[in-house]
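Next come two complexes built around chain A: one with chain B, the other with chain C.
Entry: the complex of A and B
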């Protein structure tokens, strides 16, 4: 016990639990679904996780500060659409400039959210509920001259092939570029959250907003930047979304904000701020992606049941989280108290004046 | 003579009706523990908030090391070397001890070096003589440990003026001693400490200089060697009483409520009193005396754990406000906005809220006409200044809102009326009217408990005064024996101080 408390933090225990659940799900479905352990399953699950993971990263950043972004799905949709229309007319745009375009548009949308929430002091849930609808309507307006759709056959060749680009193959397992991008994003943000003062202050703000206000760092600007980065990530999500599906309708990306919240929460991000990690959110996205695909393969389960099961999973995660995490933290606090006692004793026994 | 590190010159600050600070000048020197004492509302908190940039003074100037400065927010105060520690520690529960210490630092490089941070945190804590696991998350810490972390944070930021706002109120005796050891070591290292306290014992124990504020004015400032407990208390109270309407003496009726050994763990202990018909029993005490908690227990909002309440000869256990109302107890809250009135609702609807079932006809519908008649009658009786009882409460002045709140509970026709700070935040004219009303109600045979931080008010209006200090009952004084000095001495935990001097 003492050994565990010294090498792991409660959050890491939580992540291991998520990982364990993923393994259970895979083993469970593998036992009675035919042809489950195939390269195809791996590609399907991993690419569907890629988009959710990137968007869940955006949700995680703002959730840590005790905020939320409901407009992420609409930002993803708009960026995918905007880029799709541009690529339809400008085949000369390459993959990297295209990504930058999507990210720029997403950042602009995040900027609007951030200004209203951080500086206008409008509650995040109201602001992003509003911009969710507004950005969605923007898609309808923007796409009207195109007949409300983006067609894959009008995109440049690279955009049609991008989703099947591979980084490397290990036997049957094909690691796609999209998945690589998502994992890179997760790693970068895990490093930001752990090793940059900016990341640590996100936690501080969510942990105690009142104290953050008087602690002497620019809390408003930090929240604003979180929305800015969130928008940029949603823009990247839009890029991946376009390249994954090619054909878009105005409802593109609807429900992604739900998946993003689900992934973050299932991965241990506290919706009331202060805790959560990029890796946790990624594991949450993996769990949801795996479950979603596996249920899809199971003929007895209809689409509506899938949604209900996802909803149930969120409720379970939130309900058990507060209880389990509280207990874990208590165990850790006790261990720390015991260690403090030890330290104090060793100090008194070694210093002659005491 | 050293130069003051922080100097406030002729600071005045006004909030709407109240002059929170009036031409206060204060100098704080390095290596000195400067204690600030005063009654509730004397202006202590406002002064701290001005020194830390939360509020801006209306007039006057702030000098740091002889240089005039303008402090816009706590960030700027911190940059000038001024930090404050509040009653409730301002820590980040999800971060660990080391992170809590360094969260505000700017100069620790672009990347968090965890091992170095833990090392530095250990060093700072060791310098303070504190043993603590720096990797421990802050939510497992006790209040005293959290305060230590806050002090460590301030020290690591190279703070030169440390303001401590009643830091001992949530600490045990042992923890207070530990804290004082720490504070003295800070002083010895040349840090100026501004210590706001309400336990005189502690103030006299720790302070090098004691400054008294009263009604926003600086009354006295003396080195501890020249100050006496009696003198400090006299400085804290000495207010004029003439504007107050005194209660006319009524012959006390029979016993209506009797309380024995009322206790709520960790809040208040062993409260005993009798209340007669027509009597006003004053409750005096400072912040943290838990007078209001006794009222909340009597009204069933936060029921007591132990003790006996006897009403009209019957022993009762009050578990809910509904039950308290049925027993004839009414409670007029101190926080009108939060617990008292529904601001966007009309006056008449506010008045009938607790007694609504009385205004319902056979179909279960509210009889507006009857409601309005009752409200109209109260409007005349209490002289509520409004064109119509259909107006919403939010449009009334503070004094008139207070009257509506009173009407609401008078309409219940209580036997025991608890008034919690009934004149806070209302102007003098309205105050006199409220005092008139209290007098009338007592004359009608209602037993009244008057909780008030306004000492002259309590003295003028009460037949007897119960004084509390940190959840303990310090004594009950009759109108004849009570003086401001005696009450204040008891409220500060020194009931004998004045008596000794007289003996």
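Entry: the complex of A and C
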């Protein structure tokens, strides 16, 4: 026990549990389905979670500060649309400038959210419920001259091929660029959350806003920046969305915000702030993606069961979290207390006065 | 003297209240629409304004209770869809209409109980439980109906959903008004209603005061399921058809109407009068925009902006007022106590 508490934190235990579930799902379906352990399975699952993982990262950031962003799906949709229209007219835009355009547009939308929430003090759920509708309307307006669609055949060649670019290939196993981007984002944000003061302050505000305020943290600015970064990530999500699907309709990205919440929650992010990791959210997205793909491959049950099972999964994740995580933390706190006691004792015994 | 001052104070409070603002906005929209379209204020048109949103405003009534209680129910639209699906599937299988409707209502009640049990007794957050419910119940509709559409409703069900039953009023509106009066009495003139507010204000205080918090939450969510089922049946009957995507996305508009009515998203305050005024405002605004050829999607954007401004503007106004007051008091204090303060500073420095 002592050994475990020394090398792991409760959050890491939670991540390991999610990973363990993914392994169980893969082994379980692998036993039933033919041709399951192939490169194709990996490609399908990994590309399907690339977008959701990036958007879930945005949701995780704001969720850690006790907020929520319901407008992410609309931001993804708008950025994808904006970029799609720009690319259909300007074929000279390359992949990197295109990404920057999408991220800039997303940041601008996150800026609006952040201003209203952090400085206007409007509850996040009200603000993002409103901007969700407003940004969706913006898509309608923006796409009206284009007939409400972006079609793949008008995009430049690189944009049509981007989804199949790979970092490395080994037979069937194909590690796509999109997946690489998503994993890079996850790693960067995990490092930010763990090591940068800004990341730690996000947790501080989320776990106890009053204490954070008294400690002198600029809570408004921190939340504002979280929405700014969230918008940028959604912009990147929009970029990937356009490049993966090519053909867009006005409803592009609808419901993505709820998928992002689902991924984060299944991965152990507490929607009421203070806990959750980037890797956890990524594992949550992976778990959902794997389950989703495997169910679709399983002929015995209808593919329509997907959402029914996902809903149950979210509920079970939260129920076990609330039942177990508090106890785990208590155990860890006790272990830490015991360790400090021991340290103190050893100090007093070695000091000359004793 | 005293009482007349109190009365004028009350009048002032009313004029500053959210309900009053909504009332004037509603009147302005009504007048604007009436001047543009001569037939706007006729009973027929007003009934039509309501009729097209009857199911949403029925659910908005119970949503008011739930949000005042400090919770939220995102699953209402999926319950509507699920119950419409149960109705459609059973009718398709040749079950009699009465039984099919009863089964749909029972399904809704079970959905509500499912949510309520997790929220009240497992003490999970309603945001997550009902989000999971929203995904799960919608998933069950897909399992049942798949990607078909069901249209073979018996004539009497279509008649109930589509025709005027009592004078010019269709059934859905009669149900709405009956439920409105009932909800008003329960929320504002019964012990149960007070408990709903108390729990929304401070759950712990309510518990220590002997309020059966868990039981009340369970009742609210079960009722929400039942009312959503009723709304789903009415919606299917009005359209004479249902699909797997029936009522998808309604929850956002329902919640918007309640919040616009001045109900606090964190619970504890709000009134049904405010929600009724907000319903009137939203419906007439939408109707006016439809008359001006603004599309549904664009209307949703306008309502979204309205929702944000309804909280943002009072917030900013309050802060400006507080800042002005602070400065005035600071100046007054500085003028009156300047000598005394100097003495104090001296005393401290010694």
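Methods note: the second predicted complex is superposed on the first by the 347 of 354 C-alpha atoms of A that agree within 3 Å, B and C clash if a C-alpha of one lies under 4 Å from a C-alpha of the other, contacts with A are read in each partner's own complex, and residues count from 1 in each chain.
Just so we're on the same page, a residue touches a chain if its C-beta (ideal position, glycine included) is under 8 Å from a C-beta of that chain, and two chains touch if they have at least 3 such contacts.
Note that the structure is predicted; figures quoted are calculated from it, not measured.
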First, second, both or neither for A:279, with chain B first and chain C second: neither
First (chain B), second (chain C), both or neither touched by A:222: neither
Partner chain in contact with A:57 - chain B first, chain C second, else both or neither: neither
First (chain B), second (chain C), both or neither touched by A:302: second
First, second, both or neither for A:181, with chain B first and chain C second: neither
Common interface positions of chain A, toward chain B and toward chain C: none
Chain A to chain C touching residues, read off their complex: 68, 116, 120-123, 125-127, 129-134, 136-138, 140-141, 250, 258, 261-262, 265, 271-272, 302, 304-312, 314-315, 318-319, 322
Chain A contact footprint on chain C (complex, rising order): 72, 118, 122-125, 127-129, 131-140, 142-143, 146, 252, 255-256, 259, 265-266, 295, 297-298, 300-308, 311-312, 315-316
Contacting residues of chain B [partner chain A, same complex]: 52, 54, 74-75, 78-79, 84, 90-95, 99, 103-105, 108, 110-112, 114, 131-133, 135-137, 139-140, 157
Chain B-facing residues of chain A, complex: 10, 194-197, 199-201, 203-204, 206-208, 210-218, 274-275, 329-330, 332-334, 336-337, 339-340, 343-344, 347
